[in-house]
Amino acid sequence: MLHTINKSPFFSNNLESSLRFAKDGDPIMLYEDGVYAVLAGTKVEPAMKDALKKHPVYAIEADVKARGITKVVEGVYLCDYSCFVGLVEQHLVSPWF
Amino acid sequence: MAEKEKTKIMFVMRKAAHGSIYAYEGLEAILIMGAFEQEISVAFIDDGVFVLKKEQDTKSLGVKEFSKTFRTLEDYDITNIYVDRESLEQRGLSADDLIIPVKVMEAGEIAKIMEGQHVLLPF
Amino acid sequence: MKFGILIQDGPYNHEASDSAYNFITAALERGHTIQGVFFYNDGVYNVNKLMDPPQDDRNISKRWSELGAKGIDIVVCIAAAKRRGINNDVIVPNVRISGLGQLLELAVESDRLITFGTG
Amino acid sequence: MKFGILIQDGPYNHEASDSAYNFITAALERGHTIQGVFFYNDGVYNVNKLMDPPQDDRNISKRWSELGAKGIDIVVCIAAAKRRGINNDVIVPNVRISGLGQLLELAVESDRLITFGTG
Amino acid sequence: MLHTINKSPFFSNNLESSLRFAKDGDPIMLYEDGVYAVLAGTKVEPAMKDALKKHPVYAIEADVKARGITKVVEGVYLCDYSCFVGLVEQHLVSPWF
Amino acid sequence: MAEKEKTKIMFVMRKAAHGSIYAYEGLEAILIMGAFEQEISVAFIDDGVFVLKKEQDTKSLGVKEFSKTFRTLEDYDITNIYVDRESLEQRGLSADDLIIPVKVMEAGEIAKIMEGQHVLLPF
């Protein structure tokens, strides 16, 4: 199952909820304001690092760049919409708005 | 489509009632889809559990009280209704506080059922 | 693969509509079929032809109409649309208004259905 | 007192529009003046006259038009409205489309300005 | 200053933020999904009780009833829109969406 | 209104950029209001601090990059720009990461300035 998250983790609990339901190995796709979760050095970073131990984490690069995020938590894959589509080819999608 | 397998569709309700229309329009979609011969289930997670809270009284608010309509899901043979235990507990609620009978389950169990679906629809 | 797309949020106010469009573009480039796009909730605002954004900005309803012209079935939920003042007089060409049964059909006929919204 | 009301969110999808209306009704009952109502962001969708909700539901645009008929100045931001496909052809009677300068004027002339929205 | 909160405290951080900016004695008005904060017995209750030590807390009764909230944290004033208007007569409004 | 005191209006920016339009339409409102002779200030709180993040590059996203427009606020004599220290710190940012000079302050100090306003506008 692919979990997609598009809200800022500083504002909403959606990332947290998705991680509660994701099983080990499930990929996580961050896009829109969800990409703020990949900024390094924030209070969310520890949760992100924990998530990375269990899940491949992807973030849409266009969203990351648009927000001026230059320091990215190590291990996150920056990718484009073609990569997003590729993940959807392989997984059922669970969106967490 | 008589020879085809039924399509499994799960509604994932995570929004509270009345503050936004998602739960209500989600219910409208459930009722329509229930009328066709597919396999519909509904999971209530996070603030979605509030949608099933008993004793909702919207008279003074002036909007529709639709929680009772969930009782009709049975008529459509929609009986796979799952509620996340942790979401309930964080909100001080138990199955007795809900307007219909539900299956209270751990997140991991609900996740397994999710994985068996063809489509997940978030509301 | 055949993809179905459900869009639950309006244009400009949130990024959902743009994300859905970017996803569709990438899916087509990878050789997939878009089985259909269904607009529900505030998503119905996406197809308003009266949209007149600043010249240096994207015209979102036009974008959906162009996808429709390419033969992609673009459907707007009638119940959600009526409530919000979207009817046949104000929708862009190449999209149609229909019932929620179409969403079910899209779910059944697509290999994958993915939802874009905000909530 | 003179109250100004700013509404940033659309009808039906969120409760903001209802809350604003309830606030205004209560303010009038307490003898206050509503200096004006300004619709910005998705709030501009509130005045779409094509709205056609189910018969047992409230008609939100009609409600605003009725307040306008009582002499309350109801203004829709032109920039936000154009982007979202709201123009003079589709707005209810007794409301007007104008610029953001009107919001400033409302802020200056009201004793209090209160915002309803969702974000 | 009157702080108004309309989002569920289980979903967003708005109530938390408002409390960070509210000074002792500032009234808090909960309405729309914000009223879920007054439900007794939840994980939010301790924060609500802390808030009540420093602030008068109001909740729109129509919103409380609509949501089937029958057990209300002690000390919260349930009130109507006329009471809301009354508070706005006395205070500058700071909305926290 | 020549004889009247200036009206103090503070924009309270709490939304991130690009995921929603609030920050952008908020900026549009600031610029219009800045053209009149009132006393405009802006506070950035919570995700609002992200709006001022340096190095935003929206080219591949296909939307407007408007953070640079905040630099023009000076031309309108809008120099009272406050940023909440805790919001910055939780996001691993400092004043150096922001595109314009700001006054970084504690929540309590910003709240005091809020109290002196005639109107607070949330975006």
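The first chain written gets the first letter, and so on, giving A, B, C, D, E and F; residue counts start at 1 in each chain.
Everything below uses one rule, namely that a contact is a pair of C-beta atoms (placed from the backbone, for glycine too) under 8 Å apart; a residue touches a chain by one contact, two chains touch by 3 or more.
Model, not experiment: these values are computed from the prediction.
Peer 1: Determine the shortest chain-contact distance, in steps, between chain C and chain F.
Peer 2: Between chain C and chain F, the shortest chain-hopping route counts 1.
Peer 1: Touching both chain B and chain D: give me those chains, sorted by label.
Peer 2: Both-contact set = C, E.
Peer 1: Looking at C-alpha means, what's the farthest chain from chain D?
Peer 2: Farthest chain from chain D, going by C-alpha centroids: A.
Peer 1: Based on the averaged CA atom positions, which chain is farthest from chain B?
Peer 2: F
Peer 1: Counting shared numbers against all numbers at the contact of chain C and chain D, is it over half, same, or under half, different?
Peer 2: Result for this pair: same.
Peer 1: Using the touch rule from the top, work out which pair, D-E or A-F, shares more C-beta pairs.
Peer 2: A-F
Peer 1: Provide the C-alpha centroid distance between chain D and chain F, rounded to the nearest whole angstrom.
Peer 2: For chain D versus chain F, the centre distance works out to 25 Å.
Peer 1: Counting in whole Å, what is the centre-to-centre distance of chain A and chain B, each centre being its mean C-alpha position?
Peer 2: Once rounded, the distance between the two centres reads 26 Å.
Peer 1: If you average the CA atoms of chain A and of chain D, how many Å lie between those two points?
Peer 2: Here chain A and chain D have centroids separated by 38 Å.
Peer 1: Once you find the CA centre of chain A and the CA centre of chain E, what distance in Å lies between them?
Peer 2: Chain A and chain E have C-alpha centres separated by 32 Å.
Peer 1: Could you list the positions in chain F whose residues touch two or more of the other chains?
Peer 2: 14, 18-21, 46, 61-63, 118-120, 122
Peer 1: Would you please write down the residue numbers of chain E that are in contact with two or more other chains?
Peer 2: As it turns out, chain E has residues touching two or more other chains at 6-7, 10-11, 13, 32-33, 62-63, 92-93, 95, 97.
Peer 1: Find every residue in chain D that makes contact with two or more other chains and list them.
Peer 2: Counting only residues that touch two or more other chains, chain D contributes 8, 12-15, 41, 57, 112-113, 115, 117-119.
Peer 1: Chain pairs that touch, all of them, please.
Peer 2: Pairs satisfying the touch definition: A-B, A-C, A-E, A-F, B-C, B-D, B-E, C-D, C-F, D-E, D-F, E-F.
Peer 1: Considering the complex alone, what residue numbers of chain F touch chain E?
Peer 2: Touch residues, chain F against chain E: 12, 14, 45-46, 86, 107-108, 110-111, 114-115, 117-120, 122.
Peer 1: Looking at the complex, which residues from chain F come into contact with chain C?
Peer 2: 18-21, 61-64
Peer 1: Using the touch definition from the top, list the residues of chain A that touch chain E in their complex.
Peer 2: Its residues touching chain E are 10-13.
Peer 1: Touching chain F in the complex: which residues of chain E?
Peer 2: 1, 13, 17, 20-23, 92-97
Peer 1: Applying the document's contact rule, which stretches of chain C touch chain F when the two form their complex?
Peer 2: Chain C residues touching chain F: 12-15, 18, 56-58, 118.
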